[in-house]
Amino acid sequence: MTDFNFISADDVDDVEKLAQEVLEIKKDPFRWKYLGQNKTLVLVFLNSSLRTRLSTQKAALNLGMNAIVLNLGQDSWNMEFADGVIMKGNTAEHIKEGAAVISEYADIIALRSFPSLTDRTKDYQEFILNQFVKYSSVPVVNMESATVHPLQSLTDLATIREFTQKKRPKVVLTWVPHIKPLPQCVSNSFAQWMNRADVEFVIANPEGYNLSKEFTGDAQVFHTQREAFKNADFIYAKNWSSYEDYGKVLKEDFSWLVTPGKMALTNQAKFMHCLPVRRNVVVADEVLDSDSSIVIRQAGNREWAAQAVIRRILEKRV
Amino acid sequence: MTDFNFISADDVDDVEKLAQEVLEIKKDPFRWKYLGQNKTLVLVFLNSSLRTRLSTQKAALNLGMNAIVLNLGQDSWNMEFADGVIMKGNTAEHIKEGAAVISEYADIIALRSFPSLTDRTKDYQEFILNQFVKYSSVPVVNMESATVHPLQSLTDLATIREFTQKKRPKVVLTWVPHIKPLPQCVSNSFAQWMNRADVEFVIANPEGYNLSKEFTGDAQVFHTQREAFKNADFIYAKNWSSYEDYGKVLKEDFSWLVTPGKMALTNQAKFMHCLPVRRNVVVADEVLDSDSSIVIRQAGNREWAAQAVIRRILEKRV
Amino acid sequence: MTDFNFISADDVDDVEKLAQEVLEIKKDPFRWKYLGQNKTLVLVFLNSSLRTRLSTQKAALNLGMNAIVLNLGQDSWNMEFADGVIMKGNTAEHIKEGAAVISEYADIIALRSFPSLTDRTKDYQEFILNQFVKYSSVPVVNMESATVHPLQSLTDLATIREFTQKKRPKVVLTWVPHIKPLPQCVSNSFAQWMNRADVEFVIANPEGYNLSKEFTGDAQVFHTQREAFKNADFIYAKNWSSYEDYGKVLKEDFSWLVTPGKMALTNQAKFMHCLPVRRNVVVADEVLDSDSSIVIRQAGNREWAAQAVIRRILEKRV
């Protein structure tokens, strides 16, 4: 375990400053190409990825690094994360060796590892990520873990700053419907970053879907979208499964779909989503295809956010 | 959607001129390495690939670009291509977002997407490819789609030029046997390119296997190999399933195997195939292992063909 | 088939000299970056890999080469290795074309192909590797085949030299338990290299687990660990299935686990293992977590070993 990890907002002094660095890099992405010469980022995926996979590779290449992708399980075998085990099961390598060995070949490791959604304690202790960090000898970048997705949240904040001149815009995180249980990590993380940013932040979700206070802090929670959307400058939509009744979809309720009618309640808000998004389940085509949607620009900013973080690690500033 | 796509022969003014560029690049592959500096090709595979995967990556690297591979489905999730859908099924992301987002990270996208072989209308409308192109904001290179395989056809024409001094060689596309239904795309595409090249082009296939007139145009079609092979300078073998009885293998007929006896009917023709090839089903060992076979050189030329196309796109000449 | 392959110790004049080159490269890895300019290593995997996958890519990049990974089967399709076959089965491409075509895009090919563990004759003839080498037109590096793993063995020898000043250290290869049948290749290969190195080399394995004399030569074989471990400077642990009763696990016997008590019999020996290792099946946590374990440094040396071999090939010295 080293300093210079990027695991969550807790690793960042000033989230607004880092967001400004994201936008600075966007203007001149290749200016720091000398920083990564002869250095290698190894991207380790325990789960699927599209945006994160591409944008994080690009970020490394923009900085002059090599980027090597490892799809654990698919390319190699399953890892054991528990200590003291007699490994007679289906895990062939312990994370003690796995993380230490990957560290031998990497200057920075980026890791994606989703939650189980069955064991809340283990998930919220970030058991897998922490074991990985503990046994790595190089900095680790979190590419989405059991409870947070900081590269996404940094992107989100930078995108908000890109699209508003307001000093203190109103930002609404709204729960939206989905067809299967999803992690809370994007929403937790967004709340964590918004609470540290200079915005007015509120949350809208149905009863039973309150997120952990650990992440939402004192943010006001509404149980209807109508009230929350009033005067909003940004609507950030995301589904999550229940934190209280852990990992469960409480009932099929598609009335929380984001529609043009709901967007009309806002202050001409921009619509944001981390993607992938299920059209007409999460949000109506009419919203996503309108000028108020900034989801593609938001996704594009993932590259500069990853680059800002990796740059700081290369400069030993995280 | 942009200009500068490479989707089929329709995107090329003069196929012979482009084929000459392929051979020109082969002589000095690294001369244009400055063109791709800080640019990225993202290769998106919805299906398996060996030659295309390797040769297209190499082409990008030869031009100084980064090459990033994305195995859709395997590395990420399934895409929805239909518009207006309520996405409650097994597709997690719509191509509207998918193609637009990949475009954020790519300067050029290369796409492989095979036909269904069940829905001829959709396949021949190039539904998937066209949706992808429509929602991309950067140039798209077709690495084999439902109906055509233009990087292969360009390679084929360049290879013909490499192996003959004749102004107007006789080129025969012959159907050959196979054990399962294959797409028509390589054959369609070859016909399309040959019809625009300075060659005498004829086709041999069993009854029921006529290709679409859209691609074969006025090319003469024989229903025996014997007559077609006469005086041929190049025998181009390829299996395809029926276009008329769409996607079907009409009957097990292994008599169309290319043998030394059939090759003896030609004007010492060179044997060509796009590979992979099933030995002794499509063509006899004796032919494939003889000096008349140029399949390896043909496959090698894939690299230079891809490079010629990408170079034109980088130079905004397609 | 070319000269300059790296298939086994037989391709190396002086194993100790090559091991010194490994340690020389470790001190200054980027010094030979000019050697690989505009050259490409294609890594072909027929089986899973973590260390080999990462370290061999890194080695190529350190030398200025491009590294392209091809997961055969997963990324493309299954290869036919037998000659003269009528290919009506589930193999879509013959190795004659496969290896020749990959050679068109590669300056060096690295191949991983595990044994069947069912057909000893075919495995020990190195049928797949040899077919691949036969039909390749560029040098082939063995990334672990049916009977040997020379990049691992070279690493092992270099690691031994790194950790001892003794002219002639005592090195013990000991069989250890496992839960399923594993190849003999790491052990065969280690024996082959140790027999050519300047070490005192002995083997410990239960009755029925004697390795092939082809690899162990005149090395003394003990059927207890106790006697073999005496005065050992290095304990190299590895499981293998039976060579005599080919590919079988003869009985569940976990008494061969390497424990602190057994390590106490040695001359403060260093513990080595090629990894992945099943903890508390192969070796006790107490040994692996102690200072005597050098498995991580050993794994790290894989990068320099691969680089030493590729450097020699680029310099046409193998």
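As written, the chain order gives the labels A, B and C, with residue 1 at the start of each chain.
In this text, contacts are C-beta pairs under 8 Å (C-beta built on N, C-alpha and C of every residue); 3 or more make two chains touch, one makes a residue touch a chain.
Since the structure is predicted, the reported quantities are computational estimates derived from the model, not experimental observations.
Undergrad: Line, ring, star, complete or other: which describes how these chains touch one another?
TA: Drawn as a graph, the chains make a fully connected set, so complete.
Undergrad: What's the call on subunit B versus subunit C, same or different interface residues, using the half cut on shared numbers?
TA: different
Undergrad: Rounded to the nearest 5 degrees, what is the angle of the rotation relating the C-alpha atoms of subunit A to those of subunit B?
TA: My answer is 120 degrees for the C-alpha fit.
Undergrad: Would you kindly tell me how far, in whole Å, the mean C-alpha position of subunit C lies from that of subunit B?
TA: 39
Undergrad: Mind pulling the subunit C residues that touch 2 or more other chains?
TA: 74
Undergrad: Using the touch definition up top, name the residues of subunit B that touch subunit A in the complex.
TA: 38, 40, 42, 66, 68, 70, 74-77, 80, 84-88, 92-94, 96-98, 100-102, 104-106
Undergrad: What part of subunit B is in contact with subunit C in the complex they form?
TA: 29-30, 45, 48-51, 53-55, 57-58, 61-62, 71, 74, 179, 275-281, 285, 288-289, 295-296, 299-300, 303
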